[in-house]
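Here is the structure we will look at.
The chains carry the letters A, B, C, D, E, F and G, assigned in the order they are written, with residues numbered from 1 in each.
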Amino acid sequence: MRSVILSAAARLLFPLLLLFSVFLLFRGHNDPGGGFVGGLVAATAYALLSLTGGVSSARRVLPARPEVLVGTGLLLALGSGLPSLAAGRPFMTGLWAGFALPVVGKPGTPVLFDTGVYVTVLGIVLLILFTLQEEDEA
Amino acid sequence: MNVLLVLPLLVPLATAVAGILLLRVPRAARAASALGAAGLLAASIALLSATLDGTILVTQAGAWPAPFGITLVADRFAAAMVVVGAVLLAAVVASSVRGLDAARERAGFHPLVHALAMGVSGAFLTGDLFNLYVWFEVMLMSSFVLVSLGGEREQLTGGLRYVVLNLVSSALFLAGAGLLYGTVGTLNMADAAVALRAMPAQGTTSVVAALFLLAFGIKAAAFPLFFWLPASYHTPPMPIAALFAGLLTKVGVYALVRTGTLVFDRDRAFTDPLLLAVAALTMVTGVLGAMAQTDVRKVLSFHIVSQIGYMLMGLGLGTRLALAGTVFYVLHHIVVKGNLFLVAGVIRRVGGSFSLDRLGGLLTRSPLLAAAFLVPALSLAGLPPLSGFWAKYLLVRAGLEAGHGAIVGVALAVSLLTLFSMTKIWAEAFWKPAPEGSDPAPLGAGERLSLLGPVLALGAVTVAIGLGAGVLFRFADAAAAQLLEPGLYVRAVLGARGGGG
Amino acid sequence: MTLLSSLALHVGLPVLGLALLLTLVRLAKGPTIADRVVALDLLGTLGISVVGVVAVAARNAVYLDVAIVLALLSFLGTVAFAAYLERSR
Amino acid sequence: MIAAVLSGFAVALLAPALAKRLGRGAGAVLALYPAALFFRFLSRVPAVVAGETPSASLPFVPELGISLSFRLDGLALLMALLVTGIGAIVLVYAGTYLEGHPRRGPLLGLLVAFLSAMAGLVLCDDLLALFAFWEATSILSYFLIGFEREEAEARAAALQALLVTGGGGLALLAGFVLLGQAGGTLEVSALAANAEALKAHPLYLPALLLVLAGAFTKSAQVPFHFWLPGAMAAPTPVSAYLHSATMVKAGVFLLARLHPALGGTREWVWVVTSVGAATMLTGALLSVGQRDLKRLLAFSTVSALGSLTMLVGVGTPAALGAAMVFLLAHALYKAALFLVAGILDHEAGTRDATRLGGLLPLLPATGVAAMAAAFSMAGLPPLLGFVSKELLYDAALRASPLPFVLVPVAVGSNMLLVAVALTVGFGPFTGPRGATSKLPHEAPVAMWAGPALLGFGSLAAGVFSGALSPFLSAAASSALGHPYGVRLELWHGFSLVLLKSLVTLVVGVALYRGRHRLRAFAERFAPLGALGPARLWRAGLAGLVSVAKGTAAFLSSGSLRQDVRVVVVAAVALLGPLLLSRGTFGAADALPSVRPIEAVLALLVVAGAVGAVVAGSRLSAVVGLGVTGYGIALLFLVFGAPDLSMTQFAVETLSVLLFVAVLRRLPRLRSRSAPRSRAVDAALAAAVGALMAGLVLAVHAGPLRSRLSGFFAESSLPLAKGRNVVNVILVDFRGLDTLGEITVLAVAALGVLSLVRLRLAAKGTAGAKEGGR
Amino acid sequence: MPGVLVVLALAWVAVTGEVSLGNLLEGAVLSALLLVLLRRPPRRALRLGRVPKALGLLLYFLRELLLANAVVARTILSARPSLAPGVVAVPLDLTSDAGIATLANLISLTPGTLSLDVSEDRRTLFVHALHVSDPEAFRREVKEGFERRVKEVFE
Amino acid sequence: MSLRDLLAAALLLAGVLTALLAAIGLLRMPDVYTRMSASSKAVTLAKMCVFLALALEFGALGVTTRALAAVAFVFLTAPLAAHAIGRAAVALGVPFAPGTMPNEMPPREPASAEDADP
Amino acid sequence: MTVLLALAIGVLYAAGTYLLLRRSAVRVVFGLALLGHAANLLVFTAGRLVREGPPIVPPGALAPPTPSADPLPQALVLTAIVIGFGVQAFALVLLRRACQEAGTDDVDAMREERP
């Protein structure tokens, strides 16, 4: 839907939604939120762009192709389970750092896992949406 | 032990991820796929060898003690299923090099089959009912995509039927898992088994159990819930169909066996006769359906249904020998049925068609292909000393020892009709002279290796199982003994907590 | 339970429930698809109010996050519907 | 012994290569294998006659108590000698017979493999191993009968033979299992040792009937006899070997083998004797109507198998002794006659008995051999056939159950068979020259040597029958289960038996002279054959196929809707009654009160669903789904699930985006089903709804004591370092679920991509169909 | 660019609910990272020097919001709604996307009026209103009320 | 009871009542445009009131900023939805209520799409 | 409330089932979506409804207040919701392609040719 009103608003809303999605991701461990809903919200940010300015405008601000996001996210999620395995503990045993980081909070493998979920979900939703919208536009 | 149990999940997942990342580099994706298949095979064999002495391997994912986290468990049956699945995957990946068109390969065949393998392994190894649901979904979703990966009319319409029916089954399964939690307050199978022993056998939980029976029954393609299978299994390319035919329904059977022996084993007076009746009807309708077909793929598809009946028969009989028969049957069938579908692909490649009316002269054209067909076909029909004979023999013996002559009669009659079907393919495709207008297309040297190689290798497995039936029987018997002693499983999973179970 | 939270529970939520019901009537009546979409949009935004009032009633601020998600997302569905309608000409 | 027999399967694999290398000599070279075996067995005769039973055992499937145990008693030795001896002759013969045939190698290979299987069968002491060889002979016979695969008739005959014998085989398997159950062992010798208990066992009768079904089908007993004439589609050497000398005898052999364990009971005697007698008569009657030499021989073989069965059924020592002698005699003359028929076919280009005649001057060696065999079959002294017929009459006379039936049957049948014998082995060589298509000349020595050897054997065995006595006694003893001496003599003195033999011969010769009228007479009854079991079999098979077609049509006519209906009906039928009978309702509802907002939200959920059902347009339906989704999200919220609520909202929004992207390309909604089917569907749907609602209520009837949630609540912060328990479950406690879940999503995304991409690619390269499926 | 950063950083502070300089910085750094990651940052939306004008706009808007709500409430609840709906084309002096969008949205947010569309040439805004007795007066009201204030902030 | 409590209660009541008003408006107005005008704006105010009430009730700074963020987001997004539907309705040719005067919208031919009618 | 929700779940199942039985494939996919909703709500309900609040550990505490909602069914449903989304996306696209290739959305017309 090409509308000045929408596209102008989308430009402001887009970074806001992304920022909010990151917020949801990292606070999910302690409050409502998490990788899923964070990834979904991030995806809506791109969806907003593609809806108001076409898929190409959304792809332009995507750091990597959706497939790559999916792969990367899965790797993150999978990889987060490996350190414990290397340490002789069961797969996906949570390992936590003794300090806290800004934004992220206390780093630990479950946080990495959740980040993987976020990236995967973002990639998946965009893969689906872009594919369909591009075909719809064609 | 921690590693052994997760490798069958991690290796295919990592391979699938590599496949996704390499989607635009088909050669590399193929290499990764082959490597992954080999890796899974090696990992699964290591897993199996660790369970051979009767050890039930357990790992508590995340180090959360059962029943709180998700437990991965491998007893003999589960480990063997993983191995056979890996064998089939390796064969399918190998035959896809020539057996699959480039477009499909690029469209994600490799990541999809490995995702499927991950789902299948997960379903075999998990000790948690909801986790089983998740693995089922992984497997189904991959199969959904694979079945429709051709974009031709029958693939898509057949795919739609397949998808909808399996989603109905998933919805039932999900509901069952939720309701089970709502009654016993746990999802861990071992824990649920303990909890259920403290409840009346014929209360609400038995209704929930029936819900699972229904959901797994659809996945296993049991009578009368199998309609989706012959409507869809013949549609994808044969390497894909082989994977489906070998593995997917068997996961349903596995789930029935696992839950039937571990969790829902309290109401046998109700479930056993039901299972036996379903088994008989499944055998008969499947084989009758097969008799009428003239398309090789459809003949084979209907036979899957029929043979599911045998596996259910063992479960319904419920004795140790019968369960050993089911275990034996399932393991043998994965190899044989997968192989037959691969052979069907080669038949089509050499003979130019799947239709028996348009095939002929293949014995002259490719005696090696004929041999490759005969071994699994005769095994399927239960001819000694091939693997299928022993599977049938065990079930027949178990049935007669349990005094269930009627179902044994059905099983034997159905095996005769199976022989009829297989010889029909033989007579029409191999013996009969090639009909007018059929264009022979001899295999090139490379094709002979990549198409017939996997097929002959699986055939060798069938022969080996048959000639060394004792080895597999001893294993199946031990697996059955383990299945019939749920206390072992419970103690392995729950530790001292489950000691009383 | 504070005064406000019981007010929210015993007055706020029932009144919002009534509003939802009325919206449902419009949804059912239409008459055009645009009316339905408007009604659905209103359902979504009424939902945001419900979340706010629930937060007050439960005296739990975590619900606010849900409200924010809703505020940020609910318009998008409506825009999508509108985009569809506009293209379906 | 075991290795020697099993090595045949390896030898068989060499056959094609040998045939390519050696040409016509391949048969002779391959024959060295059975010949060696033959002499090896021959060398054991003294020991066996002396009462030893050399045996060997190889564990096969010890876990199931199955071993490959071979036991060389008299019976096994007799059979083994026949199998290997005639096998060698047939191989030599076949190598030449099939000269120039492109598939000579495979045929020789199949014959060798069959020979091994048959040898294994007769040597086995373990019933299950025996069964394995039994099935191997069936399937090899399938390939041999269908060897001329270009001919539809051959393929059909092969299938018929396989199905009949295979079906019997399955009965046999069940019978063996029951025997194992009743007798506690699968070793024949052990079963025999425990015969009395076995016969008293309640499983005795079912086991017996199943075993008999197997034996009768294999040995072509009435009413299963029809497959054997059909099997004549096989190349003649195959017929000579399988369908006269060896395989068809397997049934009789099995009966003899099991006689010590199972025989002698009323059931045994009555069933086996009467079936055998009926077969004997039927085969003889049917044979006279034939013109084709091979069919003549086939029916006469049926008759012979009937008499063997009858003898085993009678089960007296004399009967079993006679059976052993007849087994040998029949094998010798019948194999010879088949081979002769092959030579005639080969040389004269026809097997029509009415067109063959006066060939003795042209094929002297063949003719002499044929006559020797025919005279043996006709029971002319001093051939072995005469000796055996004497014994048969003697045994039949002394048969306990029904001498007054059996004797006339035996004599009558034999009269007819005399005519048959002369028709096949005498007629073609005497009288006027027939009108054959090509001028016959003597066959190569490799072909006539076999019949000659066998014919000479018949003569020598007859003349020196006394010398055979110990050997055949050993065989009979094995079948009896206790020592017994058969007395083989050419001259018994004047007796009733001799009289019967003479009458048989005289009437038989007379019948031969009037053979053309006899045949014409029999051919008038040919239409009656339509009522026979062959017809019944065909009708049954056709019926089965049409049932199958009906089933298949029903199974695959289905659409998605029918699939779903079936599942729904199954669900309701299975779960409904269970729920009503076992579910408990009405106990404590944990949350009895209803708040207005909750009621409104529930209504929202329901209204959206109803809206989606009644919607007339796609978009309205999507709106309905959205309403349901929002309603559920808010329900999640009011019941303390903010995470769920958020996720549901986000998913709902994205679903709308998804629908909207696809919807334009979807077909419009139309109502297609008739009101009636809509009503049925509505009823089914309502039943499902009621069922699920009922399940929820039943589950709520009791309290939920979660075994997990307490742990999650207590450990979430201290151990898993997170305050949001739901999220901690998702990423930690049950992280594996989540890993699987994102995999599902990734696969779904890949699926969407591939469905669309493949389509786009197909558009790009229109008409380029993919190759490898 | 800094404007967007400030808006985002403030939004971060608001959303996290932790009002501190550190958190503001955290938000700013995160936002900057985000903008870099996105390769093509969106164009500026706001200039810092116009914050007071923006606050004035906000207050004016809130007043209009309340007033108009009262009018609409009366309309809705009256037994016979006294409607005089109409669509008025308002000529635009604003030229920037952000400006036009802001004006249109403010109009939409105010009860009783709704921005239906902007003409292709972006020089006319079509406004639907519940009460249009005098289109000219309506146009004037919009232009002197919202448009002037929006122009002061954005252009 | 403090002034803050009273104010909060008043805001809450005002909020839910405005929301109800919006729903009534949606039901009573004659065409889709007037319905939109009456409803979606009113509900924006309603949300603002509810969130302010919430902020007052909790008093905590963190809650207040989040409530304000919610209000800001509502203001940011609500008019977009209204605009989008309004535009679509015009594009679809959904008729204006009789008596819509003036109508300075450039005329368009009515759509024939299936989804344009109920 | 449980009874009310049980009824709602029942209606969702009934509506979903009814749509699955339609000849229009589009309706079938809508039916799948409803079944997904139904199953999710059922799982949520089966874990027992609680009005007390979410299972989140408040600041300063070590465990969520008792009583609070059972977190496990929530986690399960969340998983199911997200899986359902992926499945629905795929089913929609498959539906569209099937209709394209079959030239109809009538599932009765999509059945394969008889043997």
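Definition applied: a contact is a pair of C-beta atoms (placed from the backbone, for glycine too) under 8 Å apart; a residue touches a chain by one contact, two chains touch by 3 or more.
If you're wondering where the values come from, they're calculated on a predicted model, not measured in any experiment.
Traced through touching neighbours, the fewest hops from chain B to chain E number 2. Steps from chain E to chain G, taking the shortest chain of touch contacts, total 2. Closest to the middle of the protein, by Cα centroid, lies chain B.
Just to note, of A-F and C-F, the chains joined by more C-beta pairs in contact are C-F. Look at where the CA atoms of chain B average out and do the same for chain C: the two points lie 48 Å apart. Chain C and chain E have Cα centroids separated by 22 Å.
Distance between chain A and chain D, defined via averaged C-alpha coordinates, is recorded as 61 Å.
Taking the mean of the C-alpha atoms as each chain's centre, chain D and chain E sit 85 Å apart. Shared contact sites, meaning residues of chain E that touch two or more other chains, fall at 11, 15-16, 104-105, 115, 117.
Along chain G, residues 20, 25, 28, 38, 40, 42, 44-48, 53-54, 56-57, 72, 76, 78-79, 82-83, 86-87, 89-90, 93-95, 97, 107, 110-112, 115 each make contact with two or more other chains.
In chain F, the residues that touch at least two other chains are 24, 36, 44, 60, 62-63, 66, 69, 73, 76-78, 80, 82-84, 87-88, 115, 117-118.
Contact residues on chain C toward chain D in their complex (touch as defined above): 9, 13-14, 16-18, 20-21, 24, 27-28, 33, 36-37, 40, 43-44, 47, 50-51, 54, 62-63, 65-66, 69-70, 73-74, 76-77, 80-81, 83-85, 87-88. On the chain D side of its complex with chain A, the touching residues are 642-643, 646-647, 650-651, 653-654, 657-658, 661-662, 664-665, 720-724, 727-728, 730-732, 735-736, 738-739, 742-743, 745-746, 748-750, 752-753, 756-757, 760. Listed in rising order, the residues of chain A touching chain F in the complex are 1, 3, 5-6, 9, 12-13, 16.
Of all residues in chain F, only 1, 5, 8-9, 12-13, 15-17, 19-20, 22-24, 26-27, 32, 35-36, 39-40, 43-44, 46-47, 50-51, 53-54, 57-58, 60, 62-63, 66-67, 69-70, 73-74, 77-78, 80-82, 84-85, 87-89, 91-92, 94, 111, 113, 115-118 touch chain C in the complex they form. Interface of chain C with chain G (complex): residues 58, 60, 62.
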